[in-house]
Each structure stands twice: as structure tokens, then as C-alpha cells.
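Naming follows writing order (A, B, C and D), and every chain is counted from residue 1.
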Amino acid sequence: MAQDNSRPSLATDAVLKQSEPVPEDFVEVTGVDYSKDSAYNMRATDLINSMKTMGFQASSVGTACDIINEMSQWRGEHIDTIPEHEKTGEFDSLGHQKATIFLGFTSNLISSGIRDTLRYLVQHKKVSAIVASAGGIEEDLIKVLAPTYLGEFSLPGKSLRDKGLNRIGNLLVPNDNYCKFEDWIVPILNKILEEQQAAAEKLGAEALNADSDAVWTPSRFIDRLGQEINDELSVLYWAHKNKIPVFCPAITDGSIGDMLFFHTYKASPQRLRLDIVSDIRKINAMSIAAFKAGMIILGGGLIKHHICNACLMRNGADWAVYINTGQEFDGSDAGARPDEAISWGKIKADAKCVKVYADVTVVWPLIVAATFAATRPE
Amino acid sequence: MAQDNSRPSLATDAVLKQSEPVPEDFVEVTGVDYSKDSAYNMRATDLINSMKTMGFQASSVGTACDIINEMSQWRGEHIDTIPEHEKTGEFDSLGHQKATIFLGFTSNLISSGIRDTLRYLVQHKKVSAIVASAGGIEEDLIKVLAPTYLGEFSLPGKSLRDKGLNRIGNLLVPNDNYCKFEDWIVPILNKILEEQQAAAEKLGAEALNADSDAVWTPSRFIDRLGQEINDELSVLYWAHKNKIPVFCPAITDGSIGDMLFFHTYKASPQRLRLDIVSDIRKINAMSIAAFKAGMIILGGGLIKHHICNACLMRNGADWAVYINTGQEFDGSDAGARPDEAISWGKIKADAKCVKVYADVTVVWPLIVAATFAATRPE
Amino acid sequence: MAQDNSRPSLATDAVLKQSEPVPEDFVEVTGVDYSKDSAYNMRATDLINSMKTMGFQASSVGTACDIINEMSQWRGEHIDTIPEHEKTGEFDSLGHQKATIFLGFTSNLISSGIRDTLRYLVQHKKVSAIVASAGGIEEDLIKVLAPTYLGEFSLPGKSLRDKGLNRIGNLLVPNDNYCKFEDWIVPILNKILEEQQAAAEKLGAEALNADSDAVWTPSRFIDRLGQEINDELSVLYWAHKNKIPVFCPAITDGSIGDMLFFHTYKASPQRLRLDIVSDIRKINAMSIAAFKAGMIILGGGLIKHHICNACLMRNGADWAVYINTGQEFDGSDAGARPDEAISWGKIKADAKCVKVYADVTVVWPLIVAATFAATRPE
Amino acid sequence: MAQDNSRPSLATDAVLKQSEPVPEDFVEVTGVDYSKDSAYNMRATDLINSMKTMGFQASSVGTACDIINEMSQWRGEHIDTIPEHEKTGEFDSLGHQKATIFLGFTSNLISSGIRDTLRYLVQHKKVSAIVASAGGIEEDLIKVLAPTYLGEFSLPGKSLRDKGLNRIGNLLVPNDNYCKFEDWIVPILNKILEEQQAAAEKLGAEALNADSDAVWTPSRFIDRLGQEINDELSVLYWAHKNKIPVFCPAITDGSIGDMLFFHTYKASPQRLRLDIVSDIRKINAMSIAAFKAGMIILGGGLIKHHICNACLMRNGADWAVYINTGQEFDGSDAGARPDEAISWGKIKADAKCVKVYADVTVVWPLIVAATFAATRPE
């Protein structure tokens, strides 16, 4: 090579290329300052403050906290200052407009200890509506009847089945829990069927109309279940109590579906019905009515898309926090970044939004401790 | 250290530990044999044969092909030799029992070019039932009306929204496609509402009963859409034609939901209804009726759980192939291995099952080319 | 179907299969108890205690803390009670045997704010040896010279290159930092070459022998860099100060390599040499000498394998904590679970070990706050 | 709500937003055309052609093939037309400039059946230089001595260790293989040490100089191992034969390291040395000398960064294909997209580059069959 005895200029130019001056608003990467007393056995807010400038997902967790605080604390006009027909969304206790917050979570989170944190949010009216997968409904109810246990990801399926232990990741649910659930839910299904039939008889040709009591929706069905379970540890109990609708369009996809399936034999020729059209009307109308809308979506799949799609009805959410482990490379909605939702009008182009790439269980308790539960509710 | 001038015995023992003789049935890892002519511009079956002994996911792809071939080719008793009340499942054209195959796929696969492969399977009756997410229904229909395009994962959402281009991973769907879809579907919705209302009026108090035409299910609704689209490139067209039911409990979770939502305003006070209870009855009954059941699940979320749950009704599928990118560490059902389903009784303990960890688009065309499409259908 | 008017028995048996009684030592899944004051703006130890019983990766994080506490707090015999030739490992200040802890981390963690946490561990002698990738060495030094900044994952590469801003995930490093680094390191390289040459001349034919000063290893080279940087924010400064060896067999794979490359032209015909054989001797000897060995491995690739391989020399580590985002399905060592290392004798079969599936930045600050930094060091 | 009896305009505008006309160069998403005979038991090139327009990773696989074909087929000036001092890179047999192709792979790929494909590339001089991790060197040699076997990801580590079976993902390597490896390599290490010592004695004070034979590098060491193994199934054999350098800066990180470690005891006070500075000189000089440079990087970690870093020396590679399962969210180099390398000058801003998100084993045999092995070499 020509440059054999001197530094090769091609390489030198590439390696030692000079950079433009860094803009003044650039933020330096820093971490925990261990000179401070608060760095020891850290509190959630201190930890989050340090994480914000760490980079990678630590920064995303910090951003998620900022966004959650902002959507929770946003206040608009006072109710007295706005025209009647615009009084569509939510107001705080002092009469100021507040944001409508959609919370989505997958079934596994209710199976895990995250359930208590979700229940806390619903109990204290931190969210406005919930979208859950079917297991996210039934496991909440079943946990009132019997516990779920810690296990291992590697426990072999055959021996678990022999023992009647159902595995969910590193959790175990004894199959007896589902037997107890059947005992609990069948009388309720009977009662609901009765009510539907009575309404149908009364309404006649109008039984299928918009305001009919003859055909229930999943959200109405879930509300009843929350009322019936009547236990303060239940997410659905508080959702019922606080009138927070819980949407689950595919409520049949799990143990409740099994029970409804069995019930079709028992009830024949009558049949309990659950209509999903009226629920899409309901969630979309909430989105349109909202003054501002925030999305907090824990996990992927249906629950993620369903909230995003509802927010398309208002031309985009104003804030969005995704937490999941999905990746975008396979084109799945589960793995799509918030920026994909912006292309669809599901999140506003100028919305504050973030995706945290993490198992929800490792970040959500911390995030809640630094935001919704930074101080004890009165 | 004591061993300073000799080889340290602790390390030697650990590093050079002797192994037991390898069992005779152990299979050696090998790859493509490039001494053969078939190693060049390889055919699918040759490639798969080589991959089987490569290890990692190549072996899983090979196993998936074996399982698919086995579930497709399984034949049981002749129809004439079994009692009438046991003639519940499927028979081949010669009258032999065959397996019921449940195919599940997520929306993104219909958006991608995989749609043609899925359509091929349905057209040639390679599968018995389909479970799809909402987008998996509507995108099949929309593609008949207007094309989807290639894009980039990194295209910025804001400028895409400005142009009305919706991004799905590295695909782009012009928003006009959804406008065309509205034009197409609204008259159909009107017609279905009419039919439901007519049936309701006729049935009166029995409008909600099991065999009523007044309340449709998503699968019946989808069958109608397949009939109406009437295009040989459509998966749903062939599903309708070949009487392959398509289940989609959350059919409202997408563009069809948007249209149904708009329709509730237009139709008021009447309302089109879609009941999901009768569909859970239908899919579960298929599972119970099957002589043998195979699952082919492409992607995660609802569609994966729904097929597994249906197979619980028969105490487990006999074969299972999962292909997805989900991971088990977050306890999601999407990421759960087949062995987790065994613990629930959703897959039989002795079933042949495999999970291929891959974006479906990189393996499914190859797998189909080496199995369902190894030879041209007559 | 035969069962048309009664509940299908096949499904009933499968769904309502009874389970064996749950063993008494099963642990119930629970979450944060929001009735307690400690649930608000939670402290690290309270958060970790709650996470232990949440399941999924929250439980793994809890287990990681338990393991770290155990390896840190393990104490064996007093130095006075053991024979001279067995006094090979580490002792605490009171003379009791303690565990040798190997800490591994990848380059990106030094680029991130995690550097401060790693420095804290080294400063307070919480670990015994370090294995890092090349960037993990140089970025620690460069950060003393100039800062790294927060950026975005989606910033386009071309415009960044035009500005001379190098991207590391969502971090940005101005290229000038590397120019400053060159100014700093070249005189040191000159000095080291001089010292090697002087030793070589003195030793003659024995220049390559085991105890020669003529050929340095990466760990010796790094120790000198730590001495020269002389800054209390530097990990390497404290490693030098506290005589904690830092292993980096591929030290040439990064900016230091660039500088060494340029130096070969400048120094010709002389050449600075870095021998990796003596370093493998050094790390393996540490492993053999240790009374007990713990592994804390943050990230994957070389640094993970290198610590595991060293622990094979002692027939397995006694404790192991992996934190990374790798998956096992591709057969990579990066994604391998601890159980794979057990098959190799790199972790003892009865060792306590865990893998946390997470970006290190979201869990490590919390883990440290609940373990090594639960209380302020005296 | 005001819009209660008409379609809500906010939603309508958002859902039915019109799109700009699609540019003419947009490519429609399509899949396999099953009307063609070539759609059955497909050939690699037909499959790849179909995959290009499928979207998601199928498109990325198609792009990878295009890039590989382009880098392989690129030809520049004839050797007779360029000045002497510019004749630095590679020429084809007819005397035209060709690209220098760097191939990187991780250890697990050599353990898998991919080894045969890698060997094919080296045997037929399809690549110019290799960067491998330590296991990528030793497993190639060990496979000549004894086979690796198929296993399962879920085999428990303890019972494997008891049997002396080492697990690599779903592969098993009997520990005896490593004993055989020791028998094979120790005489070679003895011989190399002898040669180093003889050179050192001869050179005296110049033993460490640039052109010295007294200190070998990993690449020289590996070349000798390739020569000694002398088996046509070995990658290293062909690398030696075809003078394709194999770089492995951390060659000590594995079984060879174990053997070198043991050898330090045996050889004491002499010591075999492996210097990594001269190898960084060698690989970087190749990059600078290349007329054009292509990168094919299978897997992540060191091998990925090392090739990228070498290409920084020429201000960026001209083509780049990454295939791995890493994700960018944790800021790891393993997961970094090509666009991150562009910010560093490691890939040219206008280079054709792609990352395929997949386990190498599911795509690489197909990619090679459609590119390097589309036709049989003469």
C-alpha cells in the first residue's frame, strides 16, 4: 500500500472527521448521582429522574412518566364557560375539563401481580375506560375465588396437565379455579338470559333496536360481573362502582367463552346473546366526546389496536404510552411504534408519545409509583 | 497458586470431563451437501430436507413441514365402517376420516403478500376453519378494491398522514382504499340490517333463539362478505365458496368496525347486531366433532388463543405449528410455547408440535412450497 | 352431533378437569399493597419486595436481587483457620473468605448513564474483576474528555454523519470526542511502546517469557489507561485504584483499535504489542483461586461468554445473574439461558441463577438501589 | 352528543381522509403466483423473486439477495488501466477490479449445519476475509474430529452435565469432542511456541517489530490451524488454502483459550503469545486497499462491530447485509440497524444495505441458494 509508512489519510479523515458544534439544547447523558443521600434505597421519583438522562429504555421509562403525568394533570376550560352541546367529555371535581384516559392491558397482567396496580388505578378513577382481552376479565374474577401461584417457565406441560396445573409463563393456575368459576358464573348467566328474554318479549319487533335491553354487549355483561363479584380486590368491582366501562369485544375467547358455550346447551333453544356492534359505538363515542384523549397500553394485540382505532375517531390521541415487548420487523400491530399510529391518524402528529420496550411487570409498578401513586390518594 | 507449574487439576477435570457414549439414535448436525446438483438454486423440498439437520430454527422449520404433512395426510376409518352418531368430523373424497385443520393468521399477513399463499390454502381446501383478526378480514376485501404498496419501516408518520398513506410495517395503504371500502360495504350493511329486521319481525319473542336469523354472528357476516366480494384473489371468496368458516370474534376492531359504527347513526333507531356467543358455539363444536385436529397458527394474540381454546374442548389438538416472533418471558399468550398449551389441555401431551421463531413472511412461502404446494393440485 | 342438547362431555371433562391439591410451599401471586404508606413513591427495597411475587420478569428481578445479596454477603472461613496454600481467593476486611464477583458489561452501558452505577460498584469494591467489550473501555475514558448526549433511535444516519454525530441507539456522541481521545491517548501509546522496547532489549531472548514486561496484555494496558485518566467519574480510574482487573480480549475492536492502527504507521518499524494469552491465564487463574464465584453479566456476546468460560475453570460459578435482551431460539450464546451454561459446567448445577429479560437500563439502577446501594457505603 | 342522529363528522373526516395520488414508482404488494408451475416445490430464485414484493422480512430477504448479487458481481477497471500504486484491492481472473467482501459469523453458526454453507463460500472464494468469534474457529476444527448432534432447547442442564453433553441451543456437543481437540491441538501449540522462540532468539531486540515472526497474531495462528486440520469439510482448511484471512481478536474466548491456558503451565517459563495489534493493522489495511467493500454479517456482537469498524477506515462499506435477531431498543451494537453505522461512517450514506431480522439458519441457506449457489461453480 502506498501509505505504508505514514498514517493512511483515507482512514484518518474518516475516523477523525470533525463534528459540528453541539446545539445548546442537547442534554448530556448522566446517571444516578451517588453523592446524594437519595441515591440509596432510591424512591421511585428519584429513580425516574435519574433514568430520564440515562438513555436507551431508561429514558423511555422517564418519558412515559412525564406523559402520564401530563395526561393526568391536564385541565381545560371550566364547565360553566363552555356551551351546552360541547359538554361532552370529562370534568374534574372542580368542574374543569380533563382528559379521557384509555387503559388497555392483556390477560397475563391480570394473572400477574400487576392486577393490584391496575385495580388501584380503577379504584381511584385514574382512568376513564378499559380495554382488556378475555382473560383479563375472567382472571380478575377467578382471583377472587382462588389464588394464582408462582411457578417456572420451564415446568414441563405434560406433568402439569396431569396435576391440573395450568401454566401462564412462570405462573400456575390450578384448574379447580375454573371449576369454581363455573359454579359462580352459571347462575349469573341464567339470570342474564332471563333478563334478555324478558326484554325481548316486551320489545317485540324492536328487540334489536339501539336502546334495547334484549341484546347485551360485552361491556354491559362485564359491568354486571363486576357488580356480582363484589370484592374490593377486583378491578371489575371498581370499574362497576366507578362507572368505568370495560371493553372486551372478544369476551368469548377464554374461560367465559367456555361457560357461554356450555350454557348454549343448557339454555337451548334459548340463547344468551352478546352483541359487539353497540360496544364499538360506545367506545368510539367516548373517544369523540373526549376533550383530550390519552392512551396507556400495556401489552399488544387486540387491546392495543382497539384503543388506537377508537382514537382515530377523534383524529388521534393527544398522548400515548405503549409498553410491550413486540417488535416492528414482522409488521404486526403489536410491535408497531407510535409513529405507525400517527400515519393512520390514531395518534396526533404533535402528540407526546413513547413506546417502552419492556415486560410490563418490570416497569409498570415503578412508573405508577412515580406518577399515579407518587402520593397517597386522599 | 499451588498449581503454578503444572496444569491446574480443578480446571482440567472440568474442561476435559468425559462424556457418556452418545445414544445410537442421535442425529448428527449437517447442512447442505454442495456436492449434489440439487444444492444449486434449490427446490423447497431439498432445502427443507437439508434444514432439518441444521439445528436452531432451521430444524424447527423442518419439523413444521413434517407436522403439516402429517396432519394433512392423516386418514382414519372409512365412513361406511363407523356408526352414524360418530360421523361428526371431516372425510376425504374417498370417504376416509381426515383431520380438521384450524388456520389462524393475523391482519398483517393479509396486508402482506402472504395473502396469496393463504388464499391458495383456502381455495384448495387445505384447511377446515380460519380464525383471523379484524384486519385479516377487511384487508382481504380492500385488496380487491385497491392495492397495498411496499414502503419502509422508517417512513415518518406525520408526512405519511399528511399524504393519507397508512403504514403497516414496511407497507403502505392509501387511505382512499378505506373510502372505497366504505362505498362497497355500506349497501351490504343496509341489506343485512334489513334481513335481520325482517327475521326479527317474523320470529317475535324467538328472535334471539339459537336458530334465529335475526342476530348474525361474525362468521356469518364474513361469509356474506366473501360471497359479495366475488373475486378469485380473495381468501374470503374461497372460504365462502368452500364453506370454510372464518371466525373473528372481534370483527369490530378495525375498518369494518368503523363502518358499523357509522352505520349505527345512519340506521338509528334500528341497529345491526353481531353476536359472538353463537360463534363460540360453532368453533367449539367443530373442535369436538373433529376426528383429529391440527392447528396452524401464524402470528400471536387473539387468533392464537382462540384456536388453542377451541382445541381444549377436545382435550387437545393432535398437531400444532406456531410461527411467530413472540417471546415467553413476559408471560403473554402470544409468546407462549406449545408446551404451555399442553399444561392447559389445549394440545395433547403426545401431540407433535413445534414453534418456529420467525416472521411468518420469511418461512411460510417456503414451508407451503415444500408441503401443501409441493405438487400442483389437480 | 350426539350431544346437541346436553353439555358435551368431552369438552366438560377437559375444561373442568380437577386439579391435585396445591403443595403447601406454593407462593401466591400478589402485587403492591396500596393500603400501605410504603406503596407511594416507593423505595427500591419495597418495590423489589413487591415485585418478587408478581410473576414474569418482575419475579426475575426480585430473584436477581436475592442472588446479588447472597453473593455479596457470603462469608466463609477466617483466614487464620485455613492452610497457607488454600489462601488463594478474596477475604473481607475482617479476614473472612468472600466470593469473587465477575462483572461483565457491554459498551453501550458505558455510553449510557449506567456508567455511573458501574463506577459506583467499582469505586466501592463491590466486584472483583470486570470483563468489558472494547467500547466499554474507551467510552469510559472519552466521557472524561467530553460528554455523550441524548438523541433518538430514529434520527437518520446520513444527516448525523454530515454533522459528525455518531449514534448509539438513542444516544449521540460527537465525533470530536474521538479526536480529543486521540490527542489524549497517543502520548500514552508512545510511552508504552518505549517501555515495551526497553524491556525487550533488556530481556533479549526471554522477552516473550511469562513474566516479561516486553509484551503487555489488554488488562495491563487498561490498567495504565485507568491510571492516566485520573478522574473520579471513571470506572477505569477506580478499577486501577482498587486493583480490580479489567479484561477485554478484543480491546482493538473500536476507537482504541483505530488509534493502535494509526500508531503502527507512526511507530514503524517498531510495534506496540498486546498479547491475549497471558490475560486468559490471568482471568482463569482468578476463577480457580476464588473460594466462591459469582457472575453478574449485563448484556450478551463476548463479555457473557468470557466470564462463563472462566468459571468453567472452577467447574461452575456459584451464583449467576444475566440481564439481557437476547433470545435462545437462534442458538446464540448471547441468548442462552443459565441452564445452558450448567450443561457446560460453567454454572454449578445447584447454583442460584437467573436471567432477567430486559434492557439493562430499565432494571439495573433499581436492582443496585435495592442491593449494593440499599444503604450508603461508609 | 350533538351528532347523535347523524354520522359524527370528526370521525368521518379522520377515517375517510382522502389520500394523495400514489407515485408511479410505488410497487404493489404481491405474493406467490400459484397459477405458475414454478410455484410448486419452488426453486430458490423463484421463491426470492416472490418474496421481494411480499413486505415485512420477506422483502428484506429479497433485498439481501439483490445486494449480495450486486457486491459479488461488481467489476471496475481492468488492472492494466490503473496506476501501479492504485493496484491495492482485488481483481477477478480476467483482471478486473472486484469488491472485497467481509464475512462475519458467530460461533453458533459453525456449530449448526450452516457451517457447510459457510465452507462453500470460502471454498469457492466468494468472500475475501472472515471475522469469527472464538467458537467459530474451534468448532470448525472440532467437527472434523467428532460430530455435533441435534437436541432440544428444553433439555435440562444438570442431567446434560452429568452425561457430559454440552448444549448449544438445540444442539449437543459431547464433551469428549473437546478432549479430542486437546489431543489434536497441543502438539501444534508446542510447535508454534518453538517457532516463536526460535524467531525471538534470532531477532533479539527486534523480536517485537512489525515484521517479526516471534509474535503471532490470531489470524496467523488460525491460518496454521486451517493448514493442520487438512480436511475439505473445514471452513478454515479452505481459508488457508485460498489465502482468505480469518480474524478473531478474542481467539482465547473458548476452548482454544482453555488449551492456551493449560499450555501456559506446561510451557512455563516460556509462553506462546498472540498479539492483536498486528491483526487490527491487517484487517484495516484490507479495508483501505479495497476498491469497493461489502459486508455480510451473520449474527451480532464482536463480529458485527469488527467488520463495521474496519469499514470505517475506508469511510464506509459500499454494501451491507446484516442478518440477526438483535433489537435496537437496548442500544446494543448487536441490535443496531445499518442506519446507525451510517452515522459513524461505517457504511456509506448511499450504500445499499439491509438488515434481515431472522435467525440466520432459516434464511441463509435460501439466500445462498438464490445467489452464490444459484448455479454450480465450474
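One rule holds for everything that comes next: contacts are C-beta pairs under 8 Å (C-beta built on N, C-alpha and C of every residue); 3 or more make two chains touch, one makes a residue touch a chain.
Since we're looking at a predicted model, the values are computed, not measured.
Chemist: Please state, in steps, how far chain C lies from chain A along the shortest route of touching chains.
Modeler: So the least number of steps between the two chains is 1.
Chemist: If we define chain centres by averaging CA atoms, which chain lands farthest from chain C? Would you check?
Modeler: Checked the centroid distances; the maximum from chain C is B.
Chemist: Report which interface contains more C-beta contacts, comparing B-C against A-B.
Modeler: A-B is joined by more C-beta pairs in contact.
Chemist: Need the CA-centroid distance for the pair chain B / chain D, whole Å please.
Modeler: 34
Chemist: Averaging only over C-alpha atoms, locate the centres of chain B and chain C and give their separation in whole Å.
Modeler: 41
Chemist: Between chain A and chain B, what's the gap in Å when you average each chain's C-alpha atoms?
Modeler: 25
Chemist: For chain A, write out the residues touching at least two other chains, lowest number first.
Modeler: In chain A, 3, 8, 11, 15, 17, 55-57, 108, 111-112, 154, 156, 165, 168-171, 258, 261, 268, 284, 312-313, 327, 329-331, 339, 345, 357, 359-361 touch at least two other chains.
Chemist: Taking the complex as given, what residues does chain D use to touch chain B?
Modeler: Within the complex, chain D contacts chain B at residues 3-8, 11-12, 15-20, 22, 26-34, 37, 39-45, 47, 50-51, 53-59, 61, 108, 111-117, 120, 147-150, 154, 163-165, 168-172, 174-176, 178-179, 182, 255, 258, 261-262, 265-266, 268, 339, 356-363, 365-366, 368-370, 373-376.
Chemist: What does chain C use to touch chain B in their complex?
Modeler: Listed in rising order, the residues are 1-3, 8, 10-11, 13-15, 17, 55-57, 85, 88, 154, 156, 284-285, 288-289, 312-316, 327, 329-331, 345, 357.
Chemist: Contact residues on chain A for chain B in the complex?
Modeler: Of all residues in chain A, those touching chain B are 106-108, 111-112, 133-135, 153, 155-158, 160-161, 165-171, 196-197, 200-201, 204-212, 214-215, 218, 249-254, 257-258, 260-261, 264, 268-281, 284, 299-302, 305-306, 309, 312-313, 324-336, 338-345, 347, 349, 359-361.
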